[in-house]
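After this come two complexes, each holding subunit A, first together with subunit B and then together with subunit C.
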Partner chain A sequence: MSRIDDFRFTRRALLGTALGGAAMLAAPRAFAAGKTLNVLSHKVHQTVLTAGKSGDLLEGWRKANDAEIVWSTFDSNPLQDRLFREASLGETEFNVGFLIDNRPTAQIASLFEPLDDYLAKAPIEDFKDIAPGLVQAMTIQGKLIGIPVRHATQGLFYNEALLEEQGIKAPPTTLEELVEQAKKLTFKSAAGTPVVGMVLASDLAVFPVMFARAFGGDYITKDFKLVPEPEAMEKGLSVMKDMFDAGALPRSYATTSNDDQVTWLQQGRAAFTVLPFARNAQLNNPQQSKFPGRIKAVEFPISSALKGKMPMSAVVESWAMTILKNSRNKDLSWSFLREVSTKRATLGMANSGNGPVRVSTYADPDFAAANPLAAVEAKVLAHARGAFPPFPEAARAQSIFLEEVQLAVLGRKPVKQAVADIRARVQPLLPA
Partner chain B sequence: MNLRKAAEVLPFIAPVQALVLGVIVIPSAFVVWMSFHVSSFGQAPQFVGWANYLKILTDPAFLRSLGNTFLIVLTAVHVELLVGLGMALLFASGLPWRRYLLVAVLAPYAVSEVTAVAMWRFLFDPDLGPVTMVLQSLNLPILDWSFEPSHALIMVGLLTVWLHLPFTFVILYAARLAIPKDLYEAAFIDGATRLQAFAKITLPLLGPAIVIALLFRYIFAFRLFSEVWLLTGGGPARSTEVVAVYLYEEAFRFNAFGTAAATAWIMVLISMLLAAGYVLILRRETAADAY
Partner chain C sequence: MRTDRLYIGLGKTLAVGLVLIWSLLPIVFIVLSSLKPGVEIFAVPPKFFFTPTLEHYVNLWEKWGTFFQGLFNSLVVTVGATLLAVSASAAAGYVCSRYRSRFLTGSIFFLIVVRLIPPIVVTLPLFPAVNWLRLNDTHIVLIVLYATFFVSLGTILMRTFIDQIPRELDEAAQIDGAGRLTILRLVILPLAAPGILAVAVFVVVYAWNEFLFAFIFTATRAKTAPFVISEMIGSIDGVDWGVLFAASTAQLAPVLLFVVFMHRYLVAGLTAGATKG
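And then the complex of A and B:
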């Protein structure tokens, strides 16, 4: 008999190997813990809860519940897409999903478990301490569908070293000063790096909305008023166009992404940017940044005409934890939500760079001492609101808005016409 | 074949049929069904007839993306063919270090599209890219792809050609090597020039390979997505969008599954129309060979 015959695969061998292999793959999961909680989230949520500065904040919960947490993480948009797909199925393996506050329309909200009864039966520790605005964003048609877990409030970041190099002693306090400084900071630095005054991503509504709000305007209000102050929007876009024409926004503005904002600031290629305060640690990380400790943040400034008359309303985006309606083991999911929402976990996550949703976290003296931006972030958060409210055609409306903004900033369409077109094109998409 | 015979054969072909049915036929039928409905997450599908098709075909963004797709596909595929043919003839004529050069020519095909786009973005960065800096130092115009839509389309075209040239080259090179040397020897004995040999021997005998290469590249190129998505994201202001990016936006950004499904079917139909001419040529040649 040849050696090949000795090793010949039979159906029985194949079947046995397959069954044995499957059993081996299944075994570790079966023996590791009695229960499994499948969570759909962004990587950052997993990191701040399990591997941040505060360590593993869920170790105690896992032991107490004899449960293992299996994280499936995605970037924001793919995460929301996967979450809605899973929630639309007849049944899903996923128990908990992280939801962004500008997504839950009435239809989307119907995919998630109303949490009011759970909250009444097994309350979350000092629930009123969680910022009411964030809770309201997750209350759709009177039903609470998500527990806020993270907020990203936008601030104005600046590179202190570059400001000093150009003889600027303090960051701007009005929008006009910001424009002036950004123009002055468009230069070749002593290190030989070409610097632009400001870098902004062109694919997010956050930035033009902030510029419009600096003049008292807005994009879509909570009660669905579209561009309520057209002149303010025109002024905001004109400022952006002026900065672009002066080279204070990069020529590649139309293809600049959110990640570019971080790297450009870290590398000293831009002096200003607008990012969530929670990015402070990343921007100053000595392993990534050429300017560790020199990148600081302040509130995005309002225009000089409105300074002192009304507060600047920065854009805030928040995340909440939801329980998928078609999932199993919902009591375990609720237990997870309660644990993550405790004051201890909120503070622990905040120390790892998470925007804390509890007001009391900002009052914690250790947190305030360790986080130089905590006070300013809390002040900005008090007046912050979402870029636009959720509605079924919100994504398409945002795409149209950004298209018109890009045309105006790049000089391919007069600003006035772009604003008029935003109103004409977005209006039919708003809820009746 | 009688019924009994069919029943005997059925178990053997059933797995393949089931696979084709499950992976192609049923999903395609579902997409057809979806294209006649309005549907999104948390919303029951509602029948709307041809409304989705009408909406797409009157949407300026779709028409612009279709125009961009045609422009890139027609240009890139024919440039690939010309360059691929030239290189195949050059390699067949005998080059020193042919093996090493072959590796160099085929290398882009081993690079993933995502990596290739990241590489090209770095090389052609309008501020700090090495290629941009070299062009500027030579007082030559740069490729201002992040600002000028026409430059962005040129960049996408160049990248597509670079990535897919090896495919066209390999097909043509293999076909060229298959042409018997005797034909050229006989032609040269009869006094043919190199150009005449190319026109009368090489080109006609490479015909089927050229048609195959064009056919595949038309179909593949029409699905062009990652080069545009990763390079410009369809911007500035949706001016560089192609049909696949339009479809992606409808499906995964706007969650409008009805219009996304209709877009997918329009893409399939256009691809089939693009390829139809070449398929006819191929069929005619195959039929001619049979006699």
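And then the complex of A and C:
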């Protein structure tokens, strides 16, 4: 008789195996290190800190603290959603969370540990070197709740090869020149590709805000003034409408997304776009782009009327590290924040494509030499600010704003009327 | 008359062809794009002839190790949820088929109601409860949730299959001294095997592709493949489309093959009881 015949598949064995298996699956993972730090972040944060060009920047910290870092990574919006949900529980396993600067309302900020006392007891290396505007964005009702770690500042990208093909020798220095060049660059290229002058996503507030700022206007200021200069917003939207009418913005403008901006520029289907400077490497990646090394960036130009009179204020979005108030082991979390904020780590992350939050990083000669956009990015960052401040109804307000912008650009509503409607519809959503 | 038949045949072929194009084009696009050099994926005009490359699969392996961990987690969760859902559905289907009471009628109504509830409605209130039970980020929470959402449909399907098995077989086994559990195990389940497979196909496809529950209730240890793919789409330093399509192909292939091999059971499940009475 074979051994197989001796095997009995009993109910007791089945139940035991099922329960044992379930217990194994439910059991938390055991780590060799003594302590575990659970971090909620975007994948990009993990990559630049542990697997970028600079290698593993946290190896020394882990050894010194006998700690293991467990990264849980999500896309931006889901990450913020998960972070707030975890922070709202009675207790959470997560210690550190990465927070976007346009999210912390007073209510959300209360979910995170105020860091002023930690900073006083165990200071961060040369804290004043971190861009004050980014620190300010994480200071809510006088309390510092996050340490800035990354920024994405918007610049104007252009395809140098297409400009040359149309006989344009230099990128624009005023908004009017940009419009003129974009119209000229709406053509069929020598390669047979139909080119549009400029491609912009229609589902992000960044772009209409940049056009309004080029005329000295804004969407919502830091002190919650809504469309403080209506004429500037009208001019900005009129320029976009004019470009759309001329075909210099694609016919598919209403459905164009952020990813389209990248692929259109890489494929030579658009001559200009507005993206964070950090996208330079991707746009010029020879494995993805038909124009590696030919896609360059400059500061988004201000209107000719304001050129030399005031700086262009580009849109910046930044990330900061926070400690969840309902977490354990906060001293270990603070130690992690201090390590990631060192000049060494900031430079290392910058070399891996992270927008550096320290002014001194831009002055580093090796970084400047390796990063052709370092100088212009530093210049733009000096005057950059968020698209709008955080407030509870920000998402709805942005949705209304974009709806009116689209109607105006597509010619479905007069620009003046759209701006008036933005003011009327968004005002009730602003904090009193 | 002959011409009419020809036209009807042509019309049918055209209709089937259009449906096939509509259904298969996205899949073909994904699979071909995963093999195209990155520069050519979105080329205008599109390139239909190209030298295939495995570079995106290599990059997927090198840069997104978590994806393969996710595939393993998907497998664990899918197998677990299928076993649980099939076991519970078979037992419940048997009871619903062989017994009659007000309580059972109410239970079946409740099962249908559960099916009607959008999953998002239960996820957010469940989050603190799952956290309190320390089941967050475990395979178990997904196995239980996926099985729960399919036990209703599974029970109704199994009842329909078991209804078709003559009660005389139960009675004959009973006369031979078999208890209810023995009858279910040795008489009913072997005869209801096509029904079990049909339920299994539904649960496998659902559990393998499900995103919402995985997104809400997992973070690191039990993260499934669709969740990792969503991270690739939302990369703030740019989407690597080739890698994304390679991951989508790797995620799609097992379930596609499974469905192709099991499609007749799927059809059996969908048409179960259709000719009854």
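The definition used in the following text is that the second predicted complex is superposed on the first by the 402 of 432 C-alpha atoms of A that agree within 3 Å, B and C clash if a C-alpha of one lies under 4 Å from a C-alpha of the other, contacts with A are read in each partner's own complex, and residues count from 1 in each chain.
We adopt the following convention: a contact is a pair of C-beta atoms (placed from the backbone, for glycine too) under 8 Å apart; a residue touches a chain by one contact, two chains touch by 3 or more.
All values reported here derive from a predicted model rather than from experimental measurement.
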First (subunit B), second (subunit C), both or neither touched by A:255: first
First, second, both or neither for A:399, with subunit B first and subunit C second: first
Touched partner set for A:102, first subunit B, second subunit C, both or neither: neither
Chain touching more of subunit A, residue-wise (subunit B, subunit C): C
Touching partner for A:194 - first (subunit B), second (subunit C), both, neither: both
Contacts of A:186 with subunit B and subunit C, given as first, second, both or neither: neither
Contacts of A:54 with subunit B and subunit C, given as first, second, both or neither: neither
Partner chain(s) touched by A:322 [first = subunit B, second = subunit C, both, neither]: neither
Shared contact residues on subunit A - subunit B and subunit C: 77-78, 85, 194, 269
Complex interface listing, subunit C residues touching subunit A: 37-39, 42-45, 55, 66, 76, 80, 127-128, 131, 134-140, 215, 219-221, 230-231, 233-242
Subunit A residues touching subunit C - in the complex, by the definition given at the top: 22, 25-26, 28-29, 40, 42-44, 47, 70-78, 82, 85, 89-90, 92-93, 152, 192-194, 259, 262-263, 266-267, 269, 278-279, 281-282, 285-290, 353
Of subunit A, residues touching subunit B in the complex: 77-78, 81, 84-85, 87-88, 105, 107-111, 194, 202-203, 250-255, 257, 269, 392-393, 395-396, 399, 403-404, 406-407, 410, 412
Subunit A-touching residues of subunit B, taken from the complex the two chains share: 40-43, 125-128, 144-147, 231-233, 235-238, 249, 252-256
